[in-house]
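Notes follow the structure.
By written order: A, B, C and D. Residues from 1 in each chain.
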Amino acid sequence: METDNFQLSEEQAMILDTVRKFAQEKVEPKALDNDEHSVFVRDNLDGLAELGMLGIPLSEDSGGAEMGWLSLVVALEELAKVCGSTARLLLSQTALCGLALEGNEVVEGVAGGDKLAAFVGPDSEIKASINGDGFVLDGCAEHVTAALEADIVVAAAKTMEGENILCCLPAESVGRESVTTLGFRATAPGRIRFEGVAVSVDALVARGSDADAALQRVQIAARISAGAIALGIAEAATAAASRYSKERIAFGKPLAQQQAVALKISDCISATVAARHMVYHAARLLDSDRDASAAAAMAKLAGVKAAIQAGDEGIQILGGYGFVVEYHVERHYRDGMTLANLEGGTESLRMNVVS
Amino acid sequence: MSSQPQVTDFELSPELQEIQAMARRFAQVEVKPGAAERDRMQTFPADLIKRAAELGFLKMSIPTEYGGSGMGSLANCIMLEEVNASCASTGVTISVHNSLFCSPLAKWGSHDQKSRYFPKMVGGEWLGAYCLSEAASGSDAAALVCRATRDGDNWVLNGPKLWITTGSEAGIYIVFARSGEDRIKGISAFLVERDFEGVSIGKKERKLGIKASPTTEILLENVKVPGSNLVGEEGRGFSIALDTLDGGRLGIAAQALGIAQASIDLIREHLADQTDARGRPASSQNSQWVLADLCAELDAYRFLTWRAAILRDRGESVGPQSAMAKLCSSRLANRAARAAVDLLGLSGTTDTSAAERLVRDARITEIYEGASDIQRLVVARSVLA
Amino acid sequence: MSSQPQVTDFELSPELQEIQAMARRFAQVEVKPGAAERDRMQTFPADLIKRAAELGFLKMSIPTEYGGSGMGSLANCIMLEEVNASCASTGVTISVHNSLFCSPLAKWGSHDQKSRYFPKMVGGEWLGAYCLSEAASGSDAAALVCRATRDGDNWVLNGPKLWITTGSEAGIYIVFARSGEDRIKGISAFLVERDFEGVSIGKKERKLGIKASPTTEILLENVKVPGSNLVGEEGRGFSIALDTLDGGRLGIAAQALGIAQASIDLIREHLADQTDARGRPASSQNSQWVLADLCAELDAYRFLTWRAAILRDRGESVGPQSAMAKLCSSRLANRAARAAVDLLGLSGTTDTSAAERLVRDARITEIYEGASDIQRLVVARSVLA
Amino acid sequence: METDNFQLSEEQAMILDTVRKFAQEKVEPKALDNDEHSVFVRDNLDGLAELGMLGIPLSEDSGGAEMGWLSLVVALEELAKVCGSTARLLLSQTALCGLALEGNEVVEGVAGGDKLAAFVGPDSEIKASINGDGFVLDGCAEHVTAALEADIVVAAAKTMEGENILCCLPAESVGRESVTTLGFRATAPGRIRFEGVAVSVDALVARGSDADAALQRVQIAARISAGAIALGIAEAATAAASRYSKERIAFGKPLAQQQAVALKISDCISATVAARHMVYHAARLLDSDRDASAAAAMAKLAGVKAAIQAGDEGIQILGGYGFVVEYHVERHYRDGMTLANLEGGTESLRMNVVS
């Protein structure tokens, strides 16, 4: 399962090496503890910023590195292998908030990591009503990454007339509550309430067809990015199961020699390889300015499927050890299932493939 | 009750329906409200277990002559499904007490043992636990190394036991230990009181689910066990362990059915809100289809579980039937819970709904008391015999 | 027999066990040997149908007062599972005759109609068929356009019917036609004899499976039907059609169970040859696991089918229960047959084994008498009601 | 689902066009009839030979075009869309027999289409016993493509000592019987019996490690090729279902507007796209002389899975029309299931992924 079969450029290979090293040295040691005690992984985000790995796909004008989406995919995949929360936070900061703010003056702070941002997407169906030149927002977003710690909130909302708006608000202007989540527990997830939140003209990032276009860009990029995280999760769970199966002796031989175990691992590998093809392909389409909409939906579907399958089978192969936190697989399983519902649930993505 | 039919034309007898109604009331009114909080805080449901005892749920596997109600496997399954639909941690505590402790003691224990211990179990004064697994012996249970050495009339037990449900809360354990060299016939079963010298509670596991049920190591260091606490004959331990698991698996099948039912109920409530102007379902076809598939399979696997329980109540060997019930029900529980997470959208991944707990609790049902591959092995061997 | 329990603690009554044994003997000894040849040559099993009549299998849905045995749905399912395990073409012929013709005639027909027609059906002199589908109305049955126009005391029927099982071999049809404009209440049911002027057999379908059962078009051109052949009241046709399908689906569920059982038997025989020196299974874990999963689900869905049949025998409405039974059993039949093809290797894809026929026959069970999505709709509506 | 997203070379695009045209004009019109009446599709093979499309991946020395395996994949995919049997026959003649005979003088006749060949692979476990300088073969091959019409039989066999041999025999020297098969009915499939068939030194193509290497090459190439056929079947069945769902009106609207139908089609598309990535990737590995063993196994698994899924769901969407021959989908379903058992069954391929 070497990624070099997948024809990465030298730049991408460099990013892979840098992020892998960071992930293994800085992120992995604390991943279990951060998840178990819901410790926000801000330090990992800062570390990535120092390495120049925060604004990978964003334009140079926005303070990004303009290295393309496949580069971000590679970085997310590596991070997700050791800590889904860190990868999730990077996705939120870059593919959601950073991309949504491109062209806006705030974006540099986001791309550089100085301003932590949280994203409320169209899934949350926030309502906007016209209020003079600006708007007033009402509604509730149930599960928002970094909600509790963000400096700013980037929110999509829709008017009664069906016009999309995209705005950027100071975090103090919205209601924020802690929620316990199934996965990504180290991302400071929270519920964000909009109860008559005023949006001034200054806070407006885009509206009408500009907002539509921005949200469409964000949707596609975020789905590909989520696919990459899923891929990393799938690989980590498969690797953990494979490792355990070679070490664990049962009925006089390593578990790996039980055909039933070998077949489970085989199926996880196949699903993961398929997902990698789909995710990389979608990222390449996006990087070459082609329509990646259906490819992005398929990439996220394939990734999430592989992640849940590998998490599920990984737990099964590890047995009791799979059910406890120390072996990480239960975390991969929870993160995978959680990812399925973010950036478009499975049902809506399946519909996107045919529409 | 064994001479009367328990299920006639797929309907429970009036007596069983009564138990079902009582368990459902208890589960919905008393067990459900605190389940999320107990999960989050990893709090053992001590009060609920007392209430369960008051309702007679802890004496169902104890014969009437020792103060129990001797209701048998099917009654146990009916009760357990209801409790587990509200809280799997509470459910497994009762299941282990009944199926994995009281049941083998009733079947294999001496009159002396039953007279000494059942009075403490009937009202829940002591909970029972089952100590088979060890660090290096899970599915391959016969690989256990915990030693039992003769010392005059006594036995001395040594070695840690792992994955013990109710480990830190039980008053007594049935412990399987190696009293001889033969892989299978060298294993014996012992009754070990929590307060015996040398018994201590080891590490408490941090788990994906059933977090209000303590899973711990039980450490046995030079524990002196009176010879009168040997269960059955020396060397019969492994067959007692396996026979007990045949029954225990029915309890886990019932747990899985309860989790599946709770997941289905969540989905149904979620979809019921979505109706069109004529009051007809307006939820997506996808969600309705998923719901339909789950409902059909739940009914089917409930029958599979009842069938096996009835056979066990008749004293028949139920290895394959019990394995079928656990295999199918546990898979369904996981599918149903994952579907609930999926269909509830963003609420499915937060504690706004019970889905995120159900999906974590469901996962253990495919693992404990014999992982699914072991169930398949049991079924395949029987079909190919 | 309706007052006696039919299934007690998951076991069939002695009477039903007798029917099962008789059907199994017939199926294994008489039906099985020629099944492959009939499939290849697309030969209708006329002789077997005569033998089935001799054994009483064609009069099971006919009330005793008209010469039948009035055995009901469960007996019918028990018999059909056995016949279908040997030959699905023979099975569906009997199923349609019993469930889709005799059953609605018994339930909705007049004394005059029953007196005229049942004597010919009891011994299989005439087979019955069911004409609902048309080229443009499959799952959306109410979209049918075949016309029934009043002409004095008579009705005149016009329009082709499609996908008629036993079409070219039946002596009589129950035909659903549009007697009025209302989408639902404009449909009436008629008894149309094969020999009525204007009835002709259209195209015979070339099919994937059940090739020994002729599926044909039935062409109705100015067919004069006496008023006395209207079944039930005018405008009741659609509800008769749907109620009849609730019962028919149980026949198809039983067919699917039979195909699943036959597939499992093939796999079992294939694996039974592979044993080690100690006589234990030496086949791969994969094949054993697949076998175990199939066996468990077969038992479960058989119970689902029996449950629905019992409810129907009690006169209760069984829409969702019947849908659950067909949904699960038909999916299993296909999975089991595909597994047989898979596990038998190169022999699985040639007529050296029955697997390649089973996999083709299985496929129709998810389609006819209501496709699986319709079954899911029925279940979901009921659960969300 | 355009293949141009998959970066074909100009040569490959040319092959695609040529074969697609041939498939649509010559093969498709008779495909239903050929299958229903088990008419051998020799004329299609001859037509491909005339177009120079028979020896695509074989070396020039062997009389091939040396255009690589991805080129063959593209050709097989196009043929399988309209007629699985024709594709299957091309696979047998090229990826099985032609490749196995490379370096042997007979190969030119096979690559050019003058000699029709049938292949008995290691799956059939034919036994070889030493007989002077040559061997005697015993055993039975259950389902052999072109068995009834072949001029020569290329057979693998194994000695008691475990030595593999590969030989080429005149078809008259083996017993041949007709069998009715689930799929690929227009390939003149048959059972081949070896009852003391003598193999002279001249008839021996390879033995020992040479035979091992040849069989390994054939196995990998044949699996990738089978994956390509599966891909074509999956695409055809998905397209048929999609077309029908747009035309068929039920409950007052096109079937395609029923979400349950749309989702089935969506899942078939995802499975097909994943399979195409896997098949093309494996072919490219082989074309660049890299180890394609696991990739080939995964490619065939993914292809067959997509083909059976699309055939199955296609039938379901078409309902009664799916169950009759005129709508082709039942044939795709049968061909897909049959393919699963040829060139290594699903179980053994899954094991290959992990070994």
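For this structure, a couple of remarks:
Operating definition for what follows: a residue touches a chain if its C-beta (ideal position, glycine included) is under 8 Å from a C-beta of that chain, and two chains touch if they have at least 3 such contacts.
If you're wondering where the values come from, they're calculated on a predicted model, not measured in any experiment.
Two chain pairs are in question, B-D and A-B; the one with more C-beta pairs in contact is A-B.
Each chain gets a centre from the mean of its Cα atoms; the one farthest from the centre of chain C is A. Remark: chain B and chain C have CA centroids separated by 41 Å (rounded to whole angstrom). Computed centre separation for the pair chain A/chain C is 51 angstrom, with centres defined by C-alpha atoms. For the pair chain A and chain B, the distance between mean C-alpha positions equals 37 Å.
In chain A, the residues that reach two or more other chains under the touch definition are 258-260, 263, 347, 350. Annotation for chain B: residues 284-286, 289, 373, 376 touch two or more other chains.
Residues 40, 133, 136, 138-140, 143, 162-163, 205-209, 284, 286-287, 334, 338, 341-343, 345-352, 356, 359-360, 363-364, 366-368, 371-373, 376 of chain C are the ones that touch chain D when the two sit in their complex. Across the complex, chain D is touched by residues 5, 259, 262-263, 265-267, 269-270, 273-274, 277-278, 281, 285, 290, 298, 301-302, 347, 350-351, 353-355 of chain A.
Within the complex formed with chain D, the chain B residues making contact are 284-286, 289.
Taken in their complex, chain C has these residues touching chain B: 5-10, 268, 271-272, 280-281, 283, 285, 288-289, 291-293, 295-297, 299-301, 303-304, 306-307, 310, 323-324, 327-328, 373, 375-381, 383-384. Of all residues in chain A, those touching chain B in their complex are 36, 123-124, 141-143, 179-183, 189, 191, 249-251, 258, 260-261, 308, 312, 315-316, 319-320, 322-326, 330, 333-334, 337-338, 340-342, 345-347, 350.
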